[in-house]
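Naming follows writing order (A, B and C), and every chain is counted from residue 1.
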Amino acid sequence: MQTLKIHTKGNNDIINITENIQEVLNKSNLKAKSGIINLCVIGSTAGLTTIEYEPNLNKDFQEFFNKIIPEGDYHHHETWHDDNGHSHVRASLLKPDLTVPFQDGKLVLGTWQQIILMDFDTRSRDREIAVTILKE
Amino acid sequence: MQTLKIHTKGNNDIINITENIQEVLNKSNLKAKSGIINLCVIGSTAGLTTIEYEPNLNKDFQEFFNKIIPEGDYHHHETWHDDNGHSHVRASLLKPDLTVPFQDGKLVLGTWQQIILMDFDTRSRDREIAVTILKE
Amino acid sequence: MQTLKIHTKGNNDIINITENIQEVLNKSNLKAKSGIINLCVIGSTAGLTTIEYEPNLNKDFQEFFNKIIPEGDYHHHETWHDDNGHSHVRASLLKPDLTVPFQDGKLVLGTWQQIILMDFDTRSRDREIAVTILKE
């Protein structure tokens, strides 16, 4: 297991981590190998998925979360006098894990399909993503 | 890694791929073996999950996506003069991957639990699902 | 593959299964080992994710599902004269699987990040979660 460190701005920030994950594969010297790579973001206010990474679609995805899980009053705020109840609900819905295949050392994804970290917290964060490679 | 090809009608089409995945296991000669099977659909307008596959519930699941992520205006349409912004948002929410166990060469699922590919694109598509088997 | 049995109250019941999963790792004698652990709940009216497990946030997450997928009329009820259409839609959205890493025999999670089983069915259930460990 390796740890990938990613700085985010929080507040629905979407980071394309496809190249970072491919680099982990490259350094692992798996050129002729196939298998899966499991990603899991540490913490309960961020999630992982894939998207066609382009600014307009990113905005659509962000607005979707703002609409169905708006900022505002959450019971969670009574627990810590915090303001990120919506961040937690969004993250638990999107889930922290993603497991994708690689073949001949390369991620198997569509041309318009990128792996993203989405940070729902209400402030800038230094995130850690656990990366585990399993050969076929 | 193998590739499973599935033809869809797009527009929320739900395809039961449970038997296709079981066939991949059968052909891999894993009768006495256990492990996991990772599925990942290539592309950014389709997703995978499980459901009790029956026409009425499929309709409920489709109507749910129509309601919370309706067709209409999306920023993404400005990028490609396309019409499938809602397809992308739905797919990124549902996510492209699913990892399920098998035991003695058989998928471990409930009687009323089927693996489905859901295609959110606005047209018919020939989909590819990457299938990777890992023995315990 | 092992099976973890969990009793739930249904109706959005959220169960913290982090310690149960850590116990499975402990009994597998993997103290110096790393890898991934795949969890998959059998059945089509429950799901898995991570959350900061505390009563107020649990309530927020439950209310979110009540809001976007309310109880009421579903086409599925015509099939079985049942009442749990919303349970199925919620479960298919949250998905049945979760794959998380472990290092030196310990689950790699944030301090405020717990693994939960969420049971959406309309009655008490005895759930089975398939647990598969794969070493790196």
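Heads up, the rule we're going with is that a residue touches a chain if its C-beta (ideal position, glycine included) is under 8 Å from a C-beta of that chain, and two chains touch if they have at least 3 such contacts.
Predicted model, so just to flag it, every value in this text is computed and none were measured.
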item	value
Chain-level touch network, classified as line, ring, star, complete or other	complete
Degree value of the rotation bringing chain A onto chain C, based on Cα positions, nearest 5	120
Residue-number overlap at the chain A/chain B interface, same or different (half cut)	different
Chain A and chain B: spacing of chain centres that average the CA atoms, whole Å	20
Residues of chain C engaged with two or more neighbouring chains	68, 93, 95, 99, 134
Footprint of chain C on chain B - complex, ascending	34-36, 49-52, 54-57, 59-61, 64, 68, 93-95, 98-101, 103, 108-110, 112-113, 134, 136
Contact set on chain A toward chain C in their complex	1, 38, 40, 42-44, 68-69, 74-79, 85, 88-89, 92-93, 95-97, 99, 130, 132-134
